[in-house]
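Chains here go by letter, A, B, C and D, matching the order in which they are written, and residues are numbered from 1 within each.
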Amino acid sequence: MTARLLNIAVIGAGRIGKLHAENLATRINSSQLAAVADIKLPAAQEIARRFNVPLATDDYRSLLGHSAIDAVAICSASNTHAEIILEAAAAGKHIFCEKPIDYDLRRIHRCLEAVAKAGVKLQVGFNRRFDPNFAKVRELVATGKIGQPHIVRITSRDPAPPPLEYVKVSGGLFFDMTIHDFDMVRFLSGSEAEEILALGDALVDPQVAGAGDVDTAIITMRLKSGALATIDNSRKAVYGYDQRVEVFGSNGMATVSNRTPDTHILANSDGVHTARPQQFFFDRYHESYIAELQAFVDCVLRDLPPPVSGQDGLAPVLMGLAAAKSLKERRLVTLREIISE
Amino acid sequence: MTARLLNIAVIGAGRIGKLHAENLATRINSSQLAAVADIKLPAAQEIARRFNVPLATDDYRSLLGHSAIDAVAICSASNTHAEIILEAAAAGKHIFCEKPIDYDLRRIHRCLEAVAKAGVKLQVGFNRRFDPNFAKVRELVATGKIGQPHIVRITSRDPAPPPLEYVKVSGGLFFDMTIHDFDMVRFLSGSEAEEILALGDALVDPQVAGAGDVDTAIITMRLKSGALATIDNSRKAVYGYDQRVEVFGSNGMATVSNRTPDTHILANSDGVHTARPQQFFFDRYHESYIAELQAFVDCVLRDLPPPVSGQDGLAPVLMGLAAAKSLKERRLVTLREIISE
Amino acid sequence: MTARLLNIAVIGAGRIGKLHAENLATRINSSQLAAVADIKLPAAQEIARRFNVPLATDDYRSLLGHSAIDAVAICSASNTHAEIILEAAAAGKHIFCEKPIDYDLRRIHRCLEAVAKAGVKLQVGFNRRFDPNFAKVRELVATGKIGQPHIVRITSRDPAPPPLEYVKVSGGLFFDMTIHDFDMVRFLSGSEAEEILALGDALVDPQVAGAGDVDTAIITMRLKSGALATIDNSRKAVYGYDQRVEVFGSNGMATVSNRTPDTHILANSDGVHTARPQQFFFDRYHESYIAELQAFVDCVLRDLPPPVSGQDGLAPVLMGLAAAKSLKERRLVTLREIISE
Amino acid sequence: MTARLLNIAVIGAGRIGKLHAENLATRINSSQLAAVADIKLPAAQEIARRFNVPLATDDYRSLLGHSAIDAVAICSASNTHAEIILEAAAAGKHIFCEKPIDYDLRRIHRCLEAVAKAGVKLQVGFNRRFDPNFAKVRELVATGKIGQPHIVRITSRDPAPPPLEYVKVSGGLFFDMTIHDFDMVRFLSGSEAEEILALGDALVDPQVAGAGDVDTAIITMRLKSGALATIDNSRKAVYGYDQRVEVFGSNGMATVSNRTPDTHILANSDGVHTARPQQFFFDRYHESYIAELQAFVDCVLRDLPPPVSGQDGLAPVLMGLAAAKSLKERRLVTLREIISE
């Protein structure tokens, strides 16, 4: 499969589909944006026109039959992911799938089995692993620069809450937001959660409680390695998108600060002032979206294991289920409980 | 009581007693170091000689009878605090007492009652409240600069573990170390803990487990105000004394970075390098030890309530008991349980 | 000229030509990369192939006759700029020209006259004005946030010296490197140099002195506004590309720090370590190259004055001539002397 | 001279005399504040009372006869320094003298000769050498951490201009303010100035020009080692006392940031805000005043050369004279000219 381009079809032409399509069309090496599908045909056509893509359709299944298409990037609504994975695997297409695979454990397992059986690659879209800042922290941990990890500390706060309508269908804070942080705990520590406690409340907007969710939370956990981890989340940081991680170990500590749109410093009689953190995930994680798709293309072309596997898609869902149970039952919940349910 | 000096006797001439004696002798206004007591007379005499103090004794009780002595600073072993408080109160002396008052709730209550009955001032030595950095964060919170507090996040890591012998008698991590962080949660948030979960382990030194303690911990709690808090502790941060706090609220976030011995930056082909945090609490909290005693002197001379009250001495002990119980029973523990025990 | 694409031909397919071609092909709105010319045809063809450009040639003059081409981006060798500007202006093409227009004052003036007469736009490639960091400092100055500027301070140090062969033909440090800083002084202060003193030496590589140049310099100047400015340059900063500016004024100070590839912080027993500044101008000024071309496209399409004018191309050359004379004659040189020579 | 205390008399009970007296009385080891002299007796008496000093006088000459007094700290008006040095040397007293020795070269030389002849120690009060931040930069340079120094860059800006009356008698900006920076260039680089250019103006307050002085200046110089240096000064930085140094060399760069009263960071919807630099030299250089006097005491008691010699007192005056001449004659002035005048 050397020296040729990987032909990828993007399925789903919403916000994230557009982003991946643009990156595939202009920034990813050794690949080609071969088709775009969306249930709303004009959305698919708009992207196709903009990036000179030969094929736009409202029927993704029609793409799965094309022999010229090597892989799909699933960017459709979350509740369609599992089904498309099953179909794409059956059609022998490699799969890049936005998180989550699904929120139902059985369906996830069915997907993982289908993928394994078909012998195709599946990479899950935990893009933050490819953020240069977090990747550097992981590198420092993995190369032993901080010794044995003892404490993982993550602050992850959104600049503004999503619409209440979204909260009602998103699966809640732990599944639409913390899931990235759950992945980050695993990525940074190289270990798995063993038990979890979640405390949370609707402090930003009381209506969120009515929707059965929380908007502020602290999730604490013990990992199999013995390390401890704590995540704090808020739906609304008025100063911008606050995304920091820290790993503390026996020989040191690795952390990151937020990125800012510029590095200016203004000193005046009121104090010393700098820019707010980058405001939104498109800016903050711009490079990571490019890097994760490039990694997917590379792993397919070189027949390597995907850097974010199906198992990596499953584990944070288990953690989310444990956190949700802990929040509800006000107790420490083990991952074992969740798995054996 | 205007325009005169407050005569203070220091009881206990160990490390912290020496520090307070030196500050009283050279840096605190409107006060005078009137006497030093220690069960080891030479220790008391050495301080007396160095700072020109008229009276050194191995019997603190003899000082309580002196009419010229207005107040005592109790710096003796923790298990003697309660008794000395009771005696000093009975003798009508104002009391500055190093933390803790005691670890036994009944004895603490007896002390608070005695002090109330005697009408003397009691200030507990939670010096970190007087650290200019933490005090500034509190000021920002108290003046509404971050809106309603939602999340309190404290990192508190010692540069090196104490001797194992000390661990065995100190009451454990929660009582000799986290107790300052418990106080900080209350100080910064202006609220009280409602329920607490503690996870911990002996990751730095397995022998600590044998001594029935942990050396690494994450303590998570819900406050009465609705805010959430998380503390992470380690006995050993190889890069120095790591003391950071952060309060996140509806309108912003206030935090501090560690202080360093100097502000140098060295850039070379390996990277950009700065100094480690100040290594020890004497350096890190130097200013706070002066400020807390000055505040004590001022509150006595002006007949004002002490800035760190007996109640402030009690509350963190309750939190420590809850944390210890949580660690042992692996569950969320309410403060109510502890109080009604 | 609304709602259509600006067709631009890139002339010169070297390092900077490739960069502009790529940006035009993938990142600049409302424009189209219409042709590429290079005296080495394969270089032009390679770019054309990569970005699907219809026309590649080794004769730029052939492009100037094409009615479909609206503008040229001159990226050829410095000593060809003036001639191409004259020809392009005569052909009625708008011109984006890499700095410098020329190093000969008479030739520069001839170009400016030709452009004025032809009524085409000319924008000079001082890309650093479009760096978000420096642009923010300029914005703070221009909006009065620091009051009246008093001191401009620029540090501009390259990561590694160019080959000695390049130094011999480049016009020297003041013309190939400091010229950007001269532009920055004007841009940030909004004022013109009045007198200049340059001190310099070959401290990095003594051979540079043999080539009649210096590799380390401090240039100090008085501006017409009364403000003072100082630039320090080095050809070799082992820690990376060091690019900092500062404007100090009656009501405050605005400055920037270097950008780093990531924001990691590693604390260990040796100290606290962060990443080196970005190593090269492609990374450091990536965004600025896109923004300057976008600004050129926009000013042509909307018939606005170019944000970096021909006059802006002339002034730093005058400053470079004054600095060179000052260095040679070891005295303060006025700009008036240079202009009237 | 081992194991005894050095008895020091402070001459001059103004702002700086009070500071040294307090440090001697409470913070300097192995010394004793033995006497205080001031032409205003009550000023001397006030200090004596406060620190329990046995002797206060309005006639410093009476102290020079006391055999119990080992050393004097000259803190009187600048124009009296030389005379007191001559008398103290004649009386065999060791001398700590606030900068400057004098502004007249002949008088300085006479002092240095008198001190040498008398065999007493003379230390000049360039306290900033003892600032932990600048001392660390010097240490990094001296131990080769940045290789061969190429560029020294100093920013030194006062928070507010002195009264115009002071400016008229102080000798001007270069002698009352820049003189510290001249010393810093020598201290950091380990080299001597060879030629100097000064540009300056009265930008803060036009009345300063009427007083024959400037309040904003950039001073550029070439050092004997070949390194270049630039100093920028302002009498008024509205954001506080701005004191930064940087040494750039063949293998790296060492710099410092300003110290702040606390390390708080406030992030809100307007941006990220930190404290202003410490506002005044008493705060900023607090530690350095203690360290320089301790160093003086130690060098006398151990019979070592003073860390800031008489020669170190002379050299910055030469630099100031060169700068003043350069400013007046608008040209590069060599130190050789000044010396041979």
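Going forward, contacts are C-beta pairs under 8 Å (C-beta built on N, C-alpha and C of every residue); 3 or more make two chains touch, one makes a residue touch a chain.
Just so it is clear, the structure is predicted and the values come from calculations on it, not from any experiment.
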Farthest-lying chain, centroid of Cα atoms versus that of chain D: A
Which of C-D and A-D has more C-beta pairs touching across its chains: C-D
Averaged-CA centre spacing for the pair chain D and chain B, given as whole angstrom: 40
Distance from chain D to chain C - Cα centre to Cα centre, in angstrom: 42
Separation of mean Cα positions, chain D and chain A [Å, integer]: 58
Shared-contact residues (touching 2 or more other chains) in chain C: 237-239, 242, 251-253, 267-269, 275
For the chain C and chain B complex, residues of the former touching the latter: 237-240, 242, 260, 267-277
Touch list for chain B against partner chain A, complex: 147-148, 150-151, 153, 155, 157, 195, 197, 199-201, 203-204, 216-218, 220-222, 226-230, 232, 234, 236-239, 242, 248, 250-253, 330-332
Residue ranges of chain D touching chain B (in the complex, touch as defined): 26-27, 132-133, 135-137, 140, 145-146, 251-259, 261-269, 275
